[in-house]
Structure formats: C-alpha cells, structure tokens
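Here come two complexes built around chain A, the first alongside chain B, the second alongside chain C.
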Partner chain A sequence: MSKVSSELAAKLKTSKEFNAEACYHCGTCTALCPMGYEVLPRKLFREAMLGLEEKVKARIPEIYQCLLCRMCEENCPQDVHIAENVRYLRNLINKEEMNLIK
Partner chain B sequence: MAQKRKIGVYVCHCGGNISDYVNVEEVVEGVKNEPGVEVAKTHMFSCSDAAQQLMIDEIKEKQLDGVVVASCSPKLHMFTFRGMSERAGLNPYQYVQVNLREQCSWAHTNDKIGATEKGINLVRAGIAKCILSHSLSAIRIETKPSALVIGAGISGMRAALSLADMGLAVHLIEKEDEVGGWALKTALMGPEAQNGPDIAEKLIARIKQHDNIMLYTGAELTEKSGNIGDFNVKVRLNDDSEVTLNIGAIIVTTGFDTYVPQDGEYGWGTDGVVELKDFRKMLNDGKLERNGKPIKDVVFIYCVGSRQKKTETCENPNSYCSRYCCTATTFTAKTLHALEEKTGQTVNQYHLYRDIRTYGKMETVYEEARNDGALFLRWDPENPPVVSQADGKLLVKVQDELDGNDEIEIGADLVVLSTGMRPRDNESLDDILKIPKSKDGFLNEIHIKLRPVETVIDGVFIAGTAQSPKTLAESVASSLAAVAKTGGLLKKGYVDLEPLIAKVYEDKCTWCDECLKACPYGAIEKNVCGDKEIAMVIGALCKGEGACVPVCPHDAIDIEGFRDDQIIAMIDASIKDIK
Partner chain C sequence: MPLPIAPILGILADNVKQRGSVLPISKKAATGWAKGLNLPKGGETVIYTGHMYQLIPAIDAMSKQMAMFEESPITKLFPLGRFANKIVNLSFFMSLMASKEMKVENNKILRNIASLLKKSGVELGYLYGDEMYSGALIYDEGLDEVFVPHAKKVYAKLKKNGVKKIITVDPHTTNMMRDIYPKVVPGYDIEVQSYMEVLAEKAPEALKQCNKELVIHDSCVYARYENMVDQPRELLKNAGVDVKLPELSGKSTHCCGGPIEALFPKKAHEIAGNRIEQLQEQGQNIATMCPICLVNLRKAAGGKGCQLKDISETLADAYL
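Entry: the complex of A and B
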C-alpha cells in the first residue's frame, strides 16, 4: 500500500515545468529507452502526480540514470515533455531529499 | 354464413425470398378452386407500384369483393395493401394478408415440398378468413384542443410553453408548491456552465405570463377517465378543492429523485462525506473550507447508486447508468479549478471512477478537467474504494487499475459522492395512469427507438427523466418530442382508431362481468339495453387484445377481424387434404 502525500501532489499539480496529464499509458517511452533501464516514465510520472512519495523515492536511481536522450520524448504520441519532467524530479529530489540546493 | 364471394388471391415471389423455397405456382394451383376464389396468380414483387396497379385494375375489372395477398409479414406491408384495396374501391378490412415469408419460406429452407404444402394450407386459411370478412370503418374521435402536463420541472414547463405557443390550452400541474424542479436547485451545469436557476426562472416567468397556460401548484391528479382525444381528469389542489378538466392528451414529466446512499456506503453518514449536489452548492458559495480549515484534498467517487449489481446489502440494484453524473462531476472539477485560480488555494482532486462516460460533446469537459490537473483513478467494481475516518481526516483506500492495482491511501478533507438518479415514487399517480414501467422503475415507452415518447395508453405521452436517466438537454429534447406528438394529435382535430376491437352479441350476453375483470384496458362497461344488463365495449379504449373472449361463458363477445367463426373456418381450411 502506498500513501498519498498531499504536498507532493499539490507541488506537481501547480508546477509549470512538470506536465504529464496528457499521458495515456501507451508504453512507447518504455519500449524505446536505449538504456533498457526500468525508468518507465509513464509509471514514474503517474506515481509522482498522485503524490506517492515513497514510490518516487524508490526510483531515485532510475531517475538519475536517465540519459535525457529524448528518444522517448520524440516519439511520445501525446507530446509529453518527458526529459523536462525527469529534470524537474531531479531538481525536486536534489532540493528536498539531498538538501543540495539551499 | 358464407355468402358467394369474389376473392382475388395473389401469391408473391418476393424476388426469391419466398419462391426459392415455396413453389408459388403450385400454391396457386392448390388454392384456385377454393370456394369464393375468382382469380389466383403470382407476382414477382406484390408491393411494387406496377404489381399494385395490376391488382387494382383487376379488382375493379372483375368487381372483386375480397383480396388475399400471400407475401411477407403484415408488420411490413399490411398498410401497403390496405391502401391498395382502398384505392381499388374495396373496404380495407376485406383485405387479408398471409405471411408466406417469415412464417413459411424462411422458416423451412430445408424442406421445399413441406414448405409448399404449408403455403397452400396458409393461403387456404387466409381465403376462409376473407370469405367471412365484412366492411368496417375506423373509429373516429374528435379531439379536445387542450392538454394536461403533469410535473413542472424544466421538461414539463418546456412542453407546456411549446403547446401553448401552438394555440392549445395547457393545464400544468405540479405537486410541490414551487415549480422549477431540480434545475432550480442546481447551480452551474455542464457542459457549458449554464446556470440552472437562470434557466428555470426564465421559463417560470414565461409560464406565468402565457395566456394559454393554467398553472396549478400543490396539485395532484386524483382521477382520470375517458380516452385519447377526450379525457376527463380531476385535480385536487392544496386547499382540498377539486377542479375537473376536459383535455385531449396528457404529457407526464414527473422527473427523478436522487439516489440516497445507504448508511456506510462509501462512508455515507460520516462527517465530510457529501453528495455532489451539496458540493456544487459549496462551490457556488465560493467557500473551500470545512470546519474552519481550508480544503486541500477532495476525493470524488463515481457511479454511486448506478450500475449496481445485486448483493446482500443491495436487494434492488439500479442496474442503469445515470448518464448525467460523469459530465456533472468532471464539470465540477473544472468549476473547482476555476475557484482555485481565483483564490490561489491549491486543491488536489482525486476522481475515482469505473468508466468515464462523458459522451458526445461532453468529452471536452473530461479532457479539460484532466488538463487542469484533476487526477483520475480507475477502480474495479469487485474492489470498490473504502472510506474510513482517522485523526479528523477521511481515509480513502482505492486500488488504481492504471498503476497495477496497487492500493493507494488518500487522506481527504472531503469525499464527494457522485450519486445517480432514481425513479420517483408516485404510487397514487401510477395507480391512476397505469403506464407500464421498466424493471428499473422508470416509465416505459412503446418502442425505445421508433416511438420513444408514446405509451401503450393512447393519448398519454412521457418525457424527461420520468422515463429514464437523462441530461437536461436530453430531457428537453424528449419533452419537445412529446409536444410534437401531442400537437399533431390535437391540432388535427380528430383521430382514427383501428376497428378491430371487441364486440358484444347483445342477445347472448347476460352480464356476468367476467370480461370486465379480464380487460387490462378498462374498456368494458355495464350497459342497460331495454330491460337487460349487458356488457358494452368502449371503442376508443379497446385494443382488440382479446382477453375478454375466452373468459366469456356464453361466447357473447368476439374480436372483429378475429371472430370465432373466422378462426374456426381458418382451422378447417388449413387442415384439408392438399389434393
């Protein structure tokens, strides 16, 4: 069971940078990932949007392994800015989890 | 008594639909020497204009006094050939159709010899019936130029106004003391943010001004008698006085009730669990707080009281979809978002749905709600969301199908139940009107596609949500459909009814009231004829259904067109040897 963090959900909802509402879970991104890592943008983004904080944290290695090559983004049928979203999540983690950004 | 008749028999090939399996020439041979047959032949397509003209010419030339066409089902072409008979100067009720296609050739494609023999028997029976047929004329009823509309919600008011604009007198009755229905109590409505009270109040103002509309509030129908075109009704007003009205037609727009959840259903009864309509009121007041604290997380649960399955706790499930709720709830998401923009307060919206049915133009509402950041989680009816309470917050557990059925726990300030529609309890009105109901309890039309506002009771129409769950737009569309049917009926001034109805043999009848008890349409009355009490048929109410015939101990009642002597003659004719 995962708990919803109201704060995380609100943060992503109001963010100008993060936007994955259009995703309809087709899986094109997953199929095209050249790293073969289980980055799974569609799952990751959904979990982030729902505010499932623990799940997002568990994916921290994958979030940083992403090459930002945009192969997924180029082919996304819904024009989700996948790389931008991943960078936003990195930024968020740097700030809130790692205390890197003051 | 069979008199000497001159009957024309026409056997149809129907292209090959009949003649591929039934040897139509053999059928002609088998029936041409039957008593009364003057001419027997085949046509490739009897319903074609050319074939009809040939038959008309022959009827006139040979002075035929009866016609049998052996072709398709009477459902398809009975009126075609009745019309043909009329054009040939023949009474249309001396025409008999034999169903040689649906009930013979199509049913026996594997047995051509058997099909041909059966065809001969069927046509012989038709001829026997035709011999005993006689002239009948339609029952003509003068219609009264006024209508009764029951229920003054949007559907009823819209119907009343349109009928009044046609120049008909309209009596609009409403059980409540206030007219306007649910729309008056609903704030902004999807898909385009129309304001319910505005819509209602505009109609109310016009109703009150219109010279042709008489509005009765706090009024209930207490009695109805008469028939299509000429009903007598009594209406009791709230001061216990009674008015009697003579009207030509009735439109029933009694509307719906909202589904009230059972205690504990999705947390119903817990503080903070509300119905959609109450939440919409909250939004309308512009307040996003509960118990003095700002609202941060709202969970919407869809399909409450709709699409139910029978379970131990739900004995009479509402199996239908209530149609309006998906649009209303996704539209509410937009309203909420607009309020967020205005106030700067962020509210997370979790929409727990089974399927989103924002059909037609309303799909854009759903799309906009998603783009505004409302989150949609799909649940399986086997694992519905569970609402509980902990530390002053509501906890909603749901298995999200879009994320591998993982269980998610949402802490919510407010849980909004998107409740469906329910048929209204109107027991006394139901007893008076006797309109059949669907198993869900809504009023039933004759044909859901082709006769959507007519009921089995001639002259009584249904519209709006009394008939089934509908959006407001759909309700008004059906109410105007009922107006079209009512206007067509009443403006014409008369209505012709089928004369194939019950008739009483006065000499045989002893008035035992068995037929009265058997008749589902209330079409039998006691009448005094000389010094004798007998049954009398009210022509405009009788449907020719025949429930009265077998119960009569003296064979004193018959159905025209299906009289006992005709049926017996048909049986005799159809069991004769073929050769």
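Entry: the complex of A and C
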C-alpha cells in the first residue's frame, strides 16, 4: 500500500508551474523519449499529483536524468509542459529531500 | 555506483552563490578571446557569451573525472568535497586541467562570431570582466533559489553598463536571457537575439561559395525552446553549402545527451552515440551550434571517422 502525502498533492494542485492535469496517458511522450524511459513522464506526474511521495522519491534518478530536451512536449497532444514539470519536481526535491537550499 | 546527485548539485550551487559561476574560470580565460578585436567596452548592443564556450574545456575536464568516479567508492567522499569547496575553490583546478587545444578552438569560435557580426554592420561592444554566466545549468537543475538572485545580479551589471540589447552566441544563454529572465527579474527590458538571427536578418553576401556537404545537428534549445530552425540553414545555403538533415532534425531534433553529462556521464555518452549514428547516415562533416553539443558529440564520435565543427567555422569561411 502506498502512503499518500496530502501536502505534496496540494502543492502541485496550487502550483502555477506544474501542469499535468490535461495528460490523458496516451504515452506519446514515453515513446519518443531519447532516454528510453518506460515511466517518465506520464506515470511520474500521476503519482506526484496523487501525493504518492515514496513513489516519487524512488524515481529521483530518473527525474534528474531527464534531458529537458522537450522532444516529448513537441508531440504532446495535450500541450503538457513536461520539461517544466520535471524542473519543478527537481526544485521540490532540492529543497525538501536534499536540503540543498540553505 | 551512480554519482551522488545532492553534493554535485550543492557544489554547483555554492559556486554560483560564492563565485558567480558553476565552474569558476579566470578573467583571462573568460575574456581572452576578445584580445585584439578592438571591441569597445559596453555600449547599447553587446555580444554576450555567457561564458559558455569558455567554460566547456573546464566542464569537459570535470566530466572526464566524473566518469572515472562513476564506478568508484570515492563518490562517498563527495559530501566532504562540497564542504571543502566552500572554503577552497576546488573546482578551479578543473580549469587548470582543461585541454589547451579546446580553449584555443573555442576562443576562435567566439572571435569568428564577433567578426561575422561586425562585418555585417553591427556596432558591437563587449562587457569584458563585467560579463557574467547566465545560470543556465542551475536553472535546469531546479536550483531556483540560487538562480533568481544570480539573474538579478546579471541584469544589474547589464544596466550599469547601459546595455539595451545583447547578441548571444549559444542556445542556453539565449533561452535564459530571452525567456527566463523576464519571468524572474522585475522590470527586465533587455532585447535578446542569437547571432544567427541577427546575421539572417542582415543577410550579408557570402564572399566565398563553400560547395560542400554539411550535416546539421540542431540544438534542442534553439529549435524547440527558441523556435530557431531556418536561420542556420539560410546562412549555410547562401554560402553554397549543401545542407544535409538527419531524419530527426529541426523541431524534432534528437538531444546530444550533454545536459546530463555532469550527473550521469555514461548515459550521456550513450545518447550521444545514438545521435552520432543518426548524423553519420547523412554524411561525415557535421555542424553543431551549441558548445555542449559539440563537446559531447565529439566524445562519442571518437574513431568513427566523422568530423564535428561549430557552424560558425563554416560561416566564417564563407562570409569573412
């Protein structure tokens, strides 16, 4: 069973930068990703929006491996700002998990 | 053992906070390229390198070290390295280990670009020691709390020098200073154009027809972030270059792997190798337009028989 963080879910819901609600899981992003990920970005965003903090933490290497190349965005039928969403998650992790901002 | 993300990002962030750049280099290394070009200090329109081409030799030296550490237990000492780097500028040693050949080549690229702009009639100044790194890498890594104050400092320097327009030489600095700074720096009013956009507008006549084939590797940031696809093609075609394009080009260009070089060197190398194969299907002379693409693709191309050069070299050959 996964633990839900209502704080994470609320943060993403009210964020102006994080936009993934329009994603309907078509998988175009995943198919085109030069990294060849199976999960990013569609599953990651869903997990983040649901507040599944542990699952998001388990994907930290993939979050930092994203090239931000926007190949996925170029073809996203829902205009999800995928690279900016990944960058937003990095910012959250930098602050809250890695304690990098002091 | 993968490289530890937190201490590496910590070192980059500390360097920007304390020393103004992800990998501090000397003033001479940052501005030496302009020696003898007689560019006036400051002015309303300046060339803005953002130190990208100058940083690459040091970044390359660092990434070679990182690749060696990737499988080593030494990674456990990285947090200690971050602590030490706060006191002594350890990362500066990377610039001492940087390839001289690469420094010479990158300085020549910048000299060519400045000369191309001057030749096409642009009244061009340069900020010399007042020019600062744009902060592109720390922004990409989500270090916004370090990036935003840095961007404000960069803007203050531009205003102090009376700059109204900057002409950039690489895609990352172009994106930061054209699209990101206006979002994070209140009152930001600097006009930003890439040198290829300026040259395409000026449409200078080529002095020489190159009559050669050249495969273009588009930069992801120029093509998809900045919508700059046609200008390099126009400039090359007007110079008699037979432009060859891989299947993944323009807005569908394939990444060089460079953005993850600092944290995941092996994966970066693998992606660059894939891209080299795609480019080689079209020809063996390949032009890049980003210093990160150039260094990363070159590493993967070693021994594969192709030649990679910055696009400005061909432009200089034709238009200067």
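Operating definition for what follows: the second predicted complex is superposed on the first by the 99 of 102 C-alpha atoms of A that agree within 3 Å, B and C clash if a C-alpha of one lies under 4 Å from a C-alpha of the other, contacts with A are read in each partner's own complex, and residues count from 1 in each chain.
Criterion: a residue touches a chain if its C-beta (ideal position, glycine included) is under 8 Å from a C-beta of that chain, and two chains touch if they have at least 3 such contacts.
In this text, all values refer to a predicted model and were calculated from it rather than measured experimentally.
Look at chain A after the overlay: chain B and chain C fit there side by side.
When the two structures are aligned on the shared chain, A:G51 is found in touch with chain B, with no touch to chain C. In the superposition on chain A, A:C26 contacts neither chain B nor chain C. In the superposed model, A:L68 makes contact with chain C only, not with chain B. A count of residues in chain A touched by chain B and by chain C gives the higher number to C. Once the two complexes are overlaid on the shared chain, A:T14 sits against chain B while remaining clear of chain C. Contacts of A:K3 after superposition: chain B is touched, whereas chain C is not reached. One geometric descriptor of the composite model is the angle centred on chain A: between the Cα centres of chain B and chain C it reads 140 degrees, in steps of 10. Smallest inter-chain Cα distance, chain B versus chain C, after superposition on the shared chain: 23 Å.
Taken together, the two structures place no residue of chain A in contact with chain B in one case and with chain C in the other.
Considering their complex, residues 2, 5-6, 9-10, 13, 139-146, 220, 224-225, 251-252, 254-255, 257, 259-260, 263-264, 267, 271, 274 of chain C touch chain A. Of all residues in chain B, only 296-297, 346, 348, 350, 370-371, 373, 375, 377, 397, 400, 402-403, 406-411 touch chain A in the complex they form.
Against chain B, the residues of chain A that register as touching in their complex are 1-4, 6, 9-10, 13-14, 21-22, 25, 43, 46-47, 49-52.
Contact residues on chain A toward chain C in their complex (touch as defined above): 34-35, 60-61, 64-71, 73-74, 87-95, 98-101.
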